[in-house]
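Labels A, B, C and D are assigned to the chains in the order they are written; within every chain, residues are numbered from 1.
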């Protein structure tokens, strides 16, 4: 096993380990923190693949944005410090079975299809990503980009509508 | 000429000539680690001493003057005190997260040092997304603060953490946008490229009005991002006693304290790199005698000089202004700084496209 | 000293959004940097907004009223310096006046002028400390030291003439304890010249600061009617437009002979209260200027008996301290000690309005409001 | 209003009121039961307008307690002192904290120091004394506490 393989397995173990922790812990705040570590592990994977931009985006979006949002919503709801009740035995069995099925399914897919390992070189310059994102031609992502932005706009309007204080009804 | 770059290069040459590449690389890592930690502690000592002397000077006091000449060893004595002090963990705290939090804050502060250029060609990791890397990692420290606030099982801490979270997340936007202004002008995220683009003049001179605006917004935003007065709402000692680190003592408190100062150093270094040309000496025109004299000053002196000037400015804020209130703080960001920096970014883009800068 | 029932456990089990029953309750004090002493406030929060403030007093309650019942009419005056330690002269003054009222002593003109001079200097010192402390409450740390620079000069003047710097105990029934120090006039002149230059610096640094104005304007509003109903007095009430300066309404000593204005602002917010005190400093300076060169010659103390016996009856006298109306109510049975003494302290009434002023404001505003109320805890607890 | 005018006016309101001579201000002695309506009138009547209560206290006369209310008017600047005798064993009087808000704190202080029970007070609890002092009234003349010495 080469050093880079060892690093890969270490990172993978890190991600999965914290993923399992975040599922099994009974304190909701800790769960969010373990999720955070898991996401950091994913960005570590990107760094290991030498796609630094994606790695940094992973940190900015997931760690700086989404996990902070999750933590905030935990703070704002009640009783973030209480230990949640232990999951009933039936549910544990069901989730274990689901996980096993998921593994089996993934393994099946991988073994059935003949995936080829890449040569590890991709061209992921910031400028290339930028150009692709806005080009409408070959290998351009302008349409998905616009579609996503419309989705975000809709979400934003939804947020504003929810947050807006309803005016007292006039009598 | 004798410079940091030469030393680093010769050490590397010697290492790779003597050992096989893997061992040489590991030794290099070790050296870098030791240097980074050394720099870290030096920064802590120097900046805390500087803060005390600056505040004393502004407040008609003498500041520390007993330990060592002019009190220069005062910080050392304080560090010693903090090390031997018992690290208390309050009853009912989430012990694991409580103890983990200072390290997260500390490590994220440490990692940001990687892409900084301390002198000409003297840098740990010339990553090709340099400034973006800094912006990304610095968003990690907020998690540490939120963790510390929640795990302390103290309401002051929780409020401080909430404030700090809201503050850092929102001010990251305008800090990021003002960084982008320079990125647009220099056309690269890489820190060496950004410094190289300022060879014929710093951006603060070359870029005129929009860069000044970006610079002012940057300074305001990073002051807020590092939780410094007048944006020190996370600690706000007259309201929340000490905010998120109320319950911390001993070395864990010292780590927070140190991380705060290192963060100040990092953001000021970033400001110096983006706007004041990093290690580039001050030049006027081309080929004048003045430029030659300036070139004699070592590049590390230029870098640290600019950085410490910005640090002084940020300290000056702290000892002059009253603190904002949390809603005013968020108003300032969302209603003023963010729109201004967005429009400014458009302006800068226009200037970059039309080549209106010098 | 904690009352068990007030400790609300485990913040993580309460909600920041403040649903009924799970409000976040925090204890500010008894040791807290912004209460300036051992005041204990139990605050109910809804996020950052204050829902309710409940003061709990008594952490330095020494039952001075009960103590005074066993002290003679000469002795009890000195205990009162320890109540509002920042305006100890005025407290002493009020007690001395009350005893003089009972004994019907006319005090010599020199003593009257000295008393007024001392009162005004104390007021200046007190307002300076308040200015620095308020700036510190809203987060500016430097003004505190600047204020101390000027306050130190007053303390030096006091030290020279009265012997101590904070609790002077200079007033006695019938006049003052000792004559002025020969350096007094020179030092006061030097102080006035210095302070007149520095008060502009105060304005530059704090009053005109946009952050400070944003932090105080429109914050902690209390209407004139409410201020009266809450029994507020002093600069805190004058910020709401209440005419309540005892020096103007019921002049004592030589206050009817000097020219000064009662500073009144009508905005009723923190900034108005701030401006009142800032302008009051200028008025105090002008009073001191008018008197300092016109101190009449003569005795500094009227002749009194060694043992004072107040005739049977009830006596009430009041003065304007730096914080407001201070009153002393003495019931005498004709003996050498008072039968009952009640001190009407300005801080106690001003504090009772805190809840009213703070509701709905942010927790940071509460600190600014407490700062502009200028609470001195021993004055409240007595 | 001068002292005599006040006297006439108050006699109109309360024919049974007793006036105490001497003292700086007009002293009115009333029965505790009369206090609440009288206080409301003092505060509301347009020619009296006693809107500022600058002192509220109690004196222990060993045989009885007497409540004292110092009232003044910020418009007319006349002052009046209202006194009311209370039974020492069961002192009770109506609260005026809704008329003069400052009375709320002052009444709480009198409650813990003298044990006067203010009826219908919104929040009659200990203000200054710590928990466990309910029922002990340190400002009464016969209070003895060898542990916490408060006599000099």
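Here is the rule we go by: a contact is a pair of C-beta atoms (placed from the backbone, for glycine too) under 8 Å apart; a residue touches a chain by one contact, two chains touch by 3 or more.
None of these values were measured; they are calculated from a predicted model.
**Student:** Could you let me know which interface, A-B or C-D, is made of more C-beta pairs in contact?
**Tutor:** Between C-D and A-B, the larger count of C-beta pairs in contact belongs to C-D.
**Student:** Would you mind checking which chain's C-alpha centre is most distant from the centre of chain D?
**Tutor:** A
**Student:** Mind checking the centre-to-centre distance between chain C and chain D? Centres are C-alpha means, answer in whole Å.
**Tutor:** 25
**Student:** At what distance in angstrom does the C-alpha mean of chain C lie from that of chain A?
**Tutor:** Centre separation, chain A to chain C: 59 Å.
**Student:** Using mean C-alpha positions as chain centres, tell me how far chain A is from chain B in Å, no decimals.
**Tutor:** 29
**Student:** If you average the CA atoms of chain B and of chain D, how many Å lie between those two points?
**Tutor:** A distance of 63 Å separates the two centres.
**Student:** Where in chain C do residues touch at least two different other chains?
**Tutor:** 10-12, 14, 16
**Student:** Give the residues of chain A that touch two or more other chains, as numbers and ranges in rising order.
**Tutor:** 29, 75, 80-81, in rising order.
**Student:** Hey, which residues of chain C end up touching chain B in the complex?
**Tutor:** By the definition above, chain C touches chain B via 9-12, 14, 16, 24, 26, 32-34, 45, 48, 135-142, 144-146, 149, 205-206, 209, 211-212, 214-215, 362-367.
**Student:** Any idea which chain A residues touch chain B in the complex?
**Tutor:** For this pair, the touching residues of chain A are 3, 27, 29-30, 33, 36, 40, 52-53, 55-57, 59-60, 63-65, 67-68, 71-72, 75, 80-81, 125-126.
**Student:** What residues on chain B touch chain A, complex-wise?
**Tutor:** Answer in residue numbers: 22, 94, 96-97, 127-129, 132-133, 135-137, 139-140, 142-143, 146-147, 150, 153, 158, 161-162, 165-166, 169, 172, 189.
**Student:** Using the touch definition up top, name the residues of chain C that touch chain D in the complex.
**Tutor:** Per the touch definition, chain C meets chain D at residues 1, 3-5, 55-58, 61-63, 65-67, 69-71, 225-226, 228-233, 242-244, 249, 313-316, 318, 325, 327, 329, 331, 339-340, 342, 344, 348-349, 351-353, 356, 381.
**Student:** Over in the complex, which chain B residues touch chain C? Could you list them?
**Tutor:** Going through chain B, the ones touching chain C are 55, 58-61, 92, 150, 153-156, 158-159, 162-163, 229-230, 232-233, 236-241, 318-328.
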